[in-house]
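Quick one: the structure is below, questions incoming.
Residue numbering begins at 1 within each chain, and the chains themselves are lettered A, B and C in the order written.
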Amino acid sequence: MRSIVSAEDISYTYPQDENQASPAALEHVDIKIEKGEFVAVLGHNGSGKSTFAKHLNAILLPSGGAVYIDNMDTRDQSLLLAIRSRCGMVFQNPDNQLVATVVDEDVAFAPENMGLPPEEIRRRVDACLETVGMTEYRDRAPHMLSGGQKQRIAIAGVLAMEPSILVMDEPTAMLDPSGRREVMSAVLKLNREKGITVVLITHHMDEAAMAQRVIVMSRGKVALEGTPKEVFSKVDEIKSLSLLPPQTVELLWRLDKKGYSLPLDRLSVSECADTLEAFLKAKD
Amino acid sequence: MAPLLTAEDLTYIYSPGTPFEKAAIKDISFSISKGEFIGLIGHTGSGKSTLVQHLNGLLKPSSGRVLLDGEDINASKEASRRARFRVGLVFQYPEYQLFEETVFRDIAFGPKNMGLSENEIKSRVREAAAQVGLDERSLELSPFELSGGQKRRAALAGVFAMRPELLVLDEPMAGLDPVGREEILACIESFRESTGSAILFVTHSMEDAARVSDRLIVLKDGAVLTQGNPREVFSQSAELMKAGLDVPQVTRLFMELASRGIPLSPSVYTVESALEEIIRLKEGGQC
Amino acid sequence: MLKDITLGQFFPGKSAIHRLDPRTKIICVMAFVVSIFVSSSFLGYGISFAFLGVCIKISGISPKTVLKSLKPLIFILIFTGILNMLYTPGRELASFWIFTITAEGIRNAVFMILRIVLLIASTSMLTYTTSPIALTDALERLLSPLKKLKVPVHEFAMMMTIALRFIPTLIEETDKIMSAQKARGADFDSGSLMDRAKALVPILVPLFVSAFRRADELATAMECRLYHGGEGRTRLNTTVMTSLDFRAFVLVGLICLASCLSGRVVSF
């Protein structure tokens, strides 16, 4: 039995355009994601993380290897719609994902394309708006909303397909801190309460720290993989991949370098405060 | 020393006389000295984008004045025009304003509008390109052939080349990854070093602002919440968090430790100073 | 500022007119417009005006708003009036220099002005009481028989919807680009016509680039949301014709007929 997302030894090269700086390709990437997991994919620009994301619902097809979504091969054209309804995709720019002039109608877009009866569309629209906490904005025009609100509508629009996997390609990159919080709390809720498998592409460490598993990509390959605690404790490796660990880890790591032996895997403020409190109060 | 730019009781009201009437900024006052690096912080809707457009006369205040070297920039058409060139404004996502056939010509757009000589334009473009780290070869490319980070830097160079005495940047690092963010900060530093210009850096990240600024101005709901040097501002971290701002993680850590009765200064905002503070306490054995 | 322009003059409401099926409204307005052209008597126009007045009253839209829709046309109204007054042959009333005013001319002038007013006011009522999206949908459904003739009706409707969605976004973007170029010293307000046309390049190029980028991203996002053309697509809001719609058809039909035939009863 395959994992719900199974990228098996995939490679990809972008068609060469002479002058254009081509985005990173993928080289023999092997990633499995289990049902109900929340996985964050980190990496700097050009690490191949977005290219990977685009393979998960057949926007791109691997030139070597294969991607299976719920056992469906993404290369099989006849499965395209089934794969895309199983694996929803949210993009970076919320403005460029909304189709209709009214929030309600926009969320209805995907179920309309699925040819569902109007009562079922209505049920899904109501349920999805409720899930992302945007019910009171149902009659608004998208361009009157804030970035975080627009992105939550985009998420609702994808949820309306009732997918089991949600792939998000840097959904918070264009948002301010409050917008980021709104979106992240919606994502956590979906994963924890609705059991939706989440693949979050991001360059924000604090978002990755909320995941169950972190995959760090670099130059089209998987460079590091593990729980957030495991990954972020490898401070030297993280830094060599031009990423920054959370400040709590950075602080403990520097103390460690000064010869005070301290555990590094303290990602949250309260965990780190516990460790430092014990450290400072200890009589050596 | 007389300040370079002074904002006096700036108020700006959107759509006055309609049901949508709303004060975007109210009674904002501050001043900027030559060569100063100032961080302007506020979340979306705090009025920071409206405020910066007043500094070079793109928006005219409903009341209040903007003085540049003591002269009201809205006093006459000429004064406005001079202000346009002395105060450089880099908008959010500035790469979306690139339009010329080559990067060189795009950077030259500002200097050309200033009516500079051909030679002067050339030397300014080269200088600005060097400040943002674009090589000779990329100057001949179309701006649309550059990578995302390069585009952003080319757009910065377009404003750098006007050699403004005050450079205002609205969220210059938005949407970039950590490497890209560092690159942009380095460009701004390099511009500042070679010109000695003052910088007003608009951001919603307290962390970025605190790292580079001499002084911080915090906006909330269109008014100044607090201003001062980073240490002064961060001593009010609790209020800042209440205002919906993101204080750095180390600051929150130190607030937490202080609340547990550990005698630490809660106004720490960098990992370096946090490290020093903890070592000082440990060595001193005050716990 | 550009942002302040209001687009799609739709006034939401719950009146009987608002509740009519958009298709009904389109058909009724079309019938009404035809009757205005066929009708040739003042009595007929009296009937039309009275009916329109009742509609405005029912819709709850202030008559002032309807009058406002005529404001941009004031020049055309006067122009049409004068032309008709001067160039209709007939019984001479007054003449000066090369112009002659005839009784028939005055009658024609008044008649033409009334015709244009009726035309604009009735079509405005359609857009005032129907959301742009509902209008687009209704047009798609009314024109759907043309699909058999390979007319891409659905595609046109989709284009309309997307255009309506992105107009405010692009207007805001234009505003932003203009400010950014002004900050680099661009001057849009002075110089010769040629200079001003040239000054538009720094706005238009970024705007086009951005529109293409948006189109590309939107297309991908739409595909990810299972868009595959109009085939097999259902709608969230499907309107059904109710007895209200049939009553509207009968009423409008009678009014139009009365307006057209009234010329035969009285010759006024």
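Everything below uses one rule, namely that a residue touches a chain if its C-beta (ideal position, glycine included) is under 8 Å from a C-beta of that chain, and two chains touch if they have at least 3 such contacts.
Just so it is clear, the structure is predicted and the values come from calculations on it, not from any experiment.
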>> Please tell me whether A-C or B-C has the greater number of C-beta pairs in contact.
In response: A-C
>> Using C-alpha centres only, name the chain that sits farthest from chain B.
In response: C
> In whole angstrom, how far does the Cα centroid of chain A sit from the Cα centroid of chain B?
Replying inline: 30
>> Measuring centre to centre with CA averages, how many angstrom lie between chain B and chain C?
In response: 46
> For chain A, which residues are in contact with chain B within the complex?
Replying inline: 19-21, 44-46, 92, 146-147, 173-174, 176-179, 203, 206, 242-244, 246-248, 250-251, 254-255, 258, 260, 269-270, 272-273, 276-277, 279-281
>> Which stretch or stretches of chain B touch chain C in the complex?
In response: 15, 53, 56, 58, 84-85, 88-91, 94, 96-99, 109-110, 113-114, 144, 158-159, 162
>> Residue numbers of chain C touching chain A in their complex, please.
In response: 131-133, 161-162, 164-165, 168-169, 172, 213-214, 217-218, 220-228, 232-238
>> With touch defined as at the start, can you tell me which chain C residues reach chain B in the complex?
In response: 4, 173, 176-177, 179-187, 201-202, 205-206, 209-210
> In their complex, what parts of chain B are in touch with chain A?
Replying inline: 43-45, 141-142, 145-149, 174-180, 204-205, 244-246, 248-250, 252-253, 256-257, 260, 262, 271, 274-275, 278-279, 281-282, 287
